[in-house]
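I'd like to ask you about the structure that follows.
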């Protein structure tokens, strides 16, 4: 196992390098000079602009040099010293402040989605072909088809404003839970549709297999058969899909955080995109991609716990 | 024990599946008995409804797709079809156990075999903890698995096919069932292993004095293991008889065909015959006798083409469903 | 052994995980205290006074920092008064030397950067430090461009800092001739040439006293650890989400003004005259990134006041008289004020088509119906711009509307276009306009302009872009037409006139690349003139000079609208000044009853 | 029969069979016609616009009524059935125009992602070795960046005038941003299928006959995985439509033409005033199209993918 993990971690290196190269090409080629104009103030002279370019290192060669901009870019990333955002706050501080809030939003959302959709999928698969299955499927497809923005806007307007059931907007005076309840709920509702549909096909693959019949033939109750025998076998696709869900959670938190004022990293990213703060965007991209690689690794390790047939040798 | 009441008695059982294209009559008006301590072989080509009959007995016909539409399944005189789901659960795996065709997929790959055996033991026998585990080990030893104490903690994928089928048998027998339904228990196995498994089954049957309903497509297997035989063709029983009678004098043309297609020791044959034609589509059974398109007699007989022969007693202890069978009458 | 309760464990995990990082924090300002709740429509960039340039930073920073001078809260026209200075400056005959005394006993807020965490007394060295820091080249400063070549020796200091490795290794002990500390409470500032706007420039937050200890202690984090002398200090700042400022106990204290302009007493703005400031114990600033939640929050009484952003104008004001019925039912009040600003469509004079084609530029100006524009977008509440010096500024020309620079005459425009085509030698190629945003307002604005252009037979392509791209393109002279605006930071009009001076060519403020030697000569003259009728005349002459050349189509001057709940007292908007929170007061009891009011309405 | 014929025979029966099954599903067919209706509308708008942009049926710029004002939905004319927007322009026409915007983006993005993903996936799967390593590296890199950030980053960058002089800003930028970032899924799928199939008899037979590599890939392998491309296409299409909405909402799309995202963005702050129709019209347009596409795509998958078919 450790050998496997080390191998996987080594495999990360080219990917992380690729991510860094991509973010560099995307942002430094386009974005560098915009920052200069921003920092120069109202009525700058060209000399002031040149001074700023020099101070920020934008006059250095792009890639092919020892102290080129790309090398600096890589150096910043691997030392986790991301430098400052355009508002001069160290990016690492932004991350530190944002992560707890983002987690408070996405973690319950994530588990809410997984638990509800897996349970619903198991039931739908068990009652496959019946009206129950069809209604669940129809609701899921309908849920997936409703635009995400409309969920947020209507949800905020009707549930929070008209019926006063939740908070409209983040307020530091309240606990994070009362602030995050509605966005979490919306996130779960949005996320369930696609997941139930996917998990249902996974469950259908499994539910017709022999071991399920065997389990029933043993006289086990439906609950035990479904939630023990079936579920454990379906874990691998569930784990894989769970990892695949993460980018959507990230999208979710981006818009949700921005509409509900949750001060998490999604909001920071959206801010940065709006203000074209490329150093923040590329840091976020880098961090997220590292997280992705790690999550992928974790999911692979989880496979081993979920399925004894898999070994890492 | 009352010799008159058979352990399992199936009366006019019909099981249908409802699919997009129409109704699949997988089991149609099937009746037979399994006597106490005896083995009944249900023989037929694949797709003829043998397995569905077995699943009907277990109450495991997939709810969404099909259901038992008619008939009775009397187990010790009680109709299983009238039992509630929880009553059935107490019978399943406990009084009636079943082993399946594919040992590769019938065991849950993600649990240890011990875990899977213990599950049933705990459920039905009320044995707990270590006792249940030692019982599982005992059962594994009984089915001839070497070093059972170690094996009990292994996963199915660590075992060969024959071993897995032994585990299946151990699992089925761990609660001392009075009826074992074996659905093609040896089909997926090598020939040498087949013999071992069948031998094992016979032995255990004797030990535990249980009845066996053995589903097979192989008359040879039936000949060696069964006391009685029921031949199934296209969802209907076409002939029932004792093993000896069947082999001596098959009455139904289908049975005759099956027998001819079987190699026999001692008989020198140039080549094996096979039955011409193919199994009819269960959605569109032919009119009249379902076998008539493939039957050397029926193909040209007007009555066979229009009327369906019912299963009738043609001689003491044996029935057949063919107008041309000896003793069928009109 | 694997059991079937893994999902139970999962649920448990869900419950436990979040509690790890959020133990319910208790707020420093309890609900019982007087808390003002305000909205910010964008995040403040920094709270480092030295590097502030955006409005939102100043809205918050104004309560934390105190520059030397400020504007009177109530009096109109706007009047400069001392804030941390002790009286107005003594100015030498040649207008080059200013001697300013500062108040004694001003303390910095308590902060760990000081010895014993106790705020020390402010001296003039802290002001000098603020100047020098701004000139520090390593501390890339947005405000430096405005102070180039103003104070004797400061530019040398700017060059001198070039040799250091980073901002913090700069040795500030090098003297600047123009910034002299006569004693701890008197500073003498020497100018390179007369700078008539100097005192109002000293009212800018960026020249508030800065403690060198704080800069050295916090380094880069000074952005989020402001150490000021004002009535409030920062308590918590969650970037991009909210800020809390609370009373600064070290504040020197001040009284509510006793006089205002006529009508203030009737409005109840003088009810608190002479009382000890500040009233409010804490201010919660919430940053709203989307309009809907901000608006809903205000309606629910979760915000005490809210400006009506221009793109959502019609929501609150439905009739000529002002507030809609719905607003009045909720006891919401409206206050409007002239915000000296001007919106325009600029022409790039370097452009081949537009640059030497006066008839075309004039035709475009004639093609746009400003009244209609204001009707559509601002419900008729803004003022059409006939020149670029806005009402409310001291050299505003009340007569300029008679010159007809902003006439709407599509027929004449069509004639002029014929003329323009002769100059061009061909029909006018489609024109391209850069729009500094892609939100709803901008697209509708763009559509309106396209329509106006079409009506006179011109084709306009609108390029909606984000602000940074827009700024870069405009500054590099890459745009052909561009939509823009300017708001005044002081009553003086020199800044808008500067937009047309050749020496301010972009990246400076002259984004039009307008060049007129006669104008430049007058500008040189006007730069060093002190406010007087004579200067106003000059400025007006310069304005007309520019208008004749049509380097831009000036559209409208903004009138700002602020809504506030009736429990929010002493609300009087101010065009130039920040740091008004200390005057505000909340009727907490009334606010608590708002929920009942809402229920009764429903 | 040579191996080519056998191949094409099998394929045609697969498709034939699939369509026969599909036709029997009434609900799926209803959805198909809805989707077809949307497409027809989009094509109509496209053609009408290229002939005469001021044609009354598609002229979303036209102002209805007197002043430039919101008008409530009313039945007095077709154009005001969903009311008007801020400038008195018909919401109905904007919504219909939005069909074109959304479908054009989703279609172009799908085509781009297939054009990139399929050849790369096929090459990687077929040749293996270094080619495979490089392709896998590229798509792992892309797939390790959250999709939304990547799309937005691409959209931002493509909108910049330093790239191709700003020619890609607006709608083409959106196509490319979505297309360039979303080929990973199909590429991975095709690669897997090709690896699975490249050892199969018909490929070995083709190799034995001496077919060139490109012939094997394009004549033998790709046609056999074509149904996977179709399924992927139909299901991804929906997500592209939703993506377009979010991108336009964030102001990264083409601001010159009506789109559903823009309508939602414009209407979101007006809900409090009781202006619900703009928001509702756009939402419903998206909802109906996505629902129909989803249901039809599902049915198509069920009918085309034999593995799922056996399950039933």
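Lettered A, B, C and D in written order, each chain numbered from 1.
Everything below uses one rule, namely that a contact is a pair of C-beta atoms (placed from the backbone, for glycine too) under 8 Å apart; a residue touches a chain by one contact, two chains touch by 3 or more.
From a predicted model like this one, the values you see are computed outputs, not experimental measurements.
*Asks:* Tell me which of A-D and A-B has more C-beta pairs in contact.
*Replies:* Between A-D and A-B, the larger count of C-beta pairs in contact belongs to A-D.
*Asks:* Report the chain whose mean Cα position is at the greatest distance from that of subunit D.
*Replies:* Result for the farthest chain: B.
*Asks:* Where the centre of all protein Cα atoms falls, which chain's Cα centre is nearest to that point?
*Replies:* Of all chains shown, the one whose C-alpha centre lies nearest the global C-alpha mean is A.
*Asks:* Please compute the C-alpha centroid of subunit A, do the same for subunit D, then give the distance between them in whole Å.
*Replies:* The separation of the two C-alpha centroids amounts to 23 Å.
*Asks:* Just how far, in Å, is the C-alpha centre of subunit D from the one of subunit B?
*Replies:* Chain centroid spacing, subunit B to subunit D, equals 52 Å.
*Asks:* Quick one: subunit C and subunit D, Cα centre-to-centre, how many Å?
*Replies:* Centres of subunit C and subunit D (C-alpha means) sit 44 Å apart.
*Asks:* Provide the list of subunit C residues touching at least two other chains, using ranges where the numbers run on.
*Replies:* Where subunit C meets two or more other chains at a single residue, that happens at 2, 290, 292, 296, 299, 466, 469.
*Asks:* Which parts of subunit A, given as residue numbers and ranges, touch two or more other chains?
*Replies:* 153, 157, 161, 232, 270, 274, 276
*Asks:* Can you list every residue of subunit B that touches 2 or more other chains, as numbers and ranges?
*Replies:* 110-111
*Asks:* Considering only the defined contacts, which subunit A positions touch subunit B in the complex?
*Replies:* Subunit A reaches subunit B through residues 127-130, 133, 209-211, 213-221, 229, 232-233, 235, 306-309.
*Asks:* Touching residues of subunit D toward subunit A in the complex: what are they?
*Replies:* Touch list, subunit D to subunit A: 137-138, 140-150, 152-154, 156-157, 160, 162-163, 238, 242, 245-246, 249-250, 260-261, 264, 268, 271-272, 279, 282-283, 286-291, 293-295, 298, 308, 311.
*Asks:* Within their complex, state which residues of subunit A touch subunit C.
*Replies:* 33-35, 37-46, 48-49, 51-52, 55-56, 84, 86-90, 93-94, 97-98, 100-101, 103-104, 107-108, 111-112, 114-115, 153, 156-157, 160-161, 168-173, 175-177, 224, 227-228, 231-232, 258-263, 267-268, 270-271, 274-276
*Asks:* Per the contact definition, I'd like the list of subunit C residues that touch subunit D in the complex.
*Replies:* 290-292, 295-296, 299, 311-312, 314-315, 375-376, 435, 437-440, 442-444, 446-448, 451, 461-466, 469, 473, 478
*Asks:* Subunit D touches which residues of subunit A in the complex?
*Replies:* It comes out as residues 14-15, 18-19, 22-23, 26-27, 29-31, 141-142, 144-150, 153-154, 157, 161, 197, 201, 204-205, 208, 246-247, 250-251, 254-255, 269-270, 273-274, 276, 281, 284-285, 288-289, 292-293, 296.
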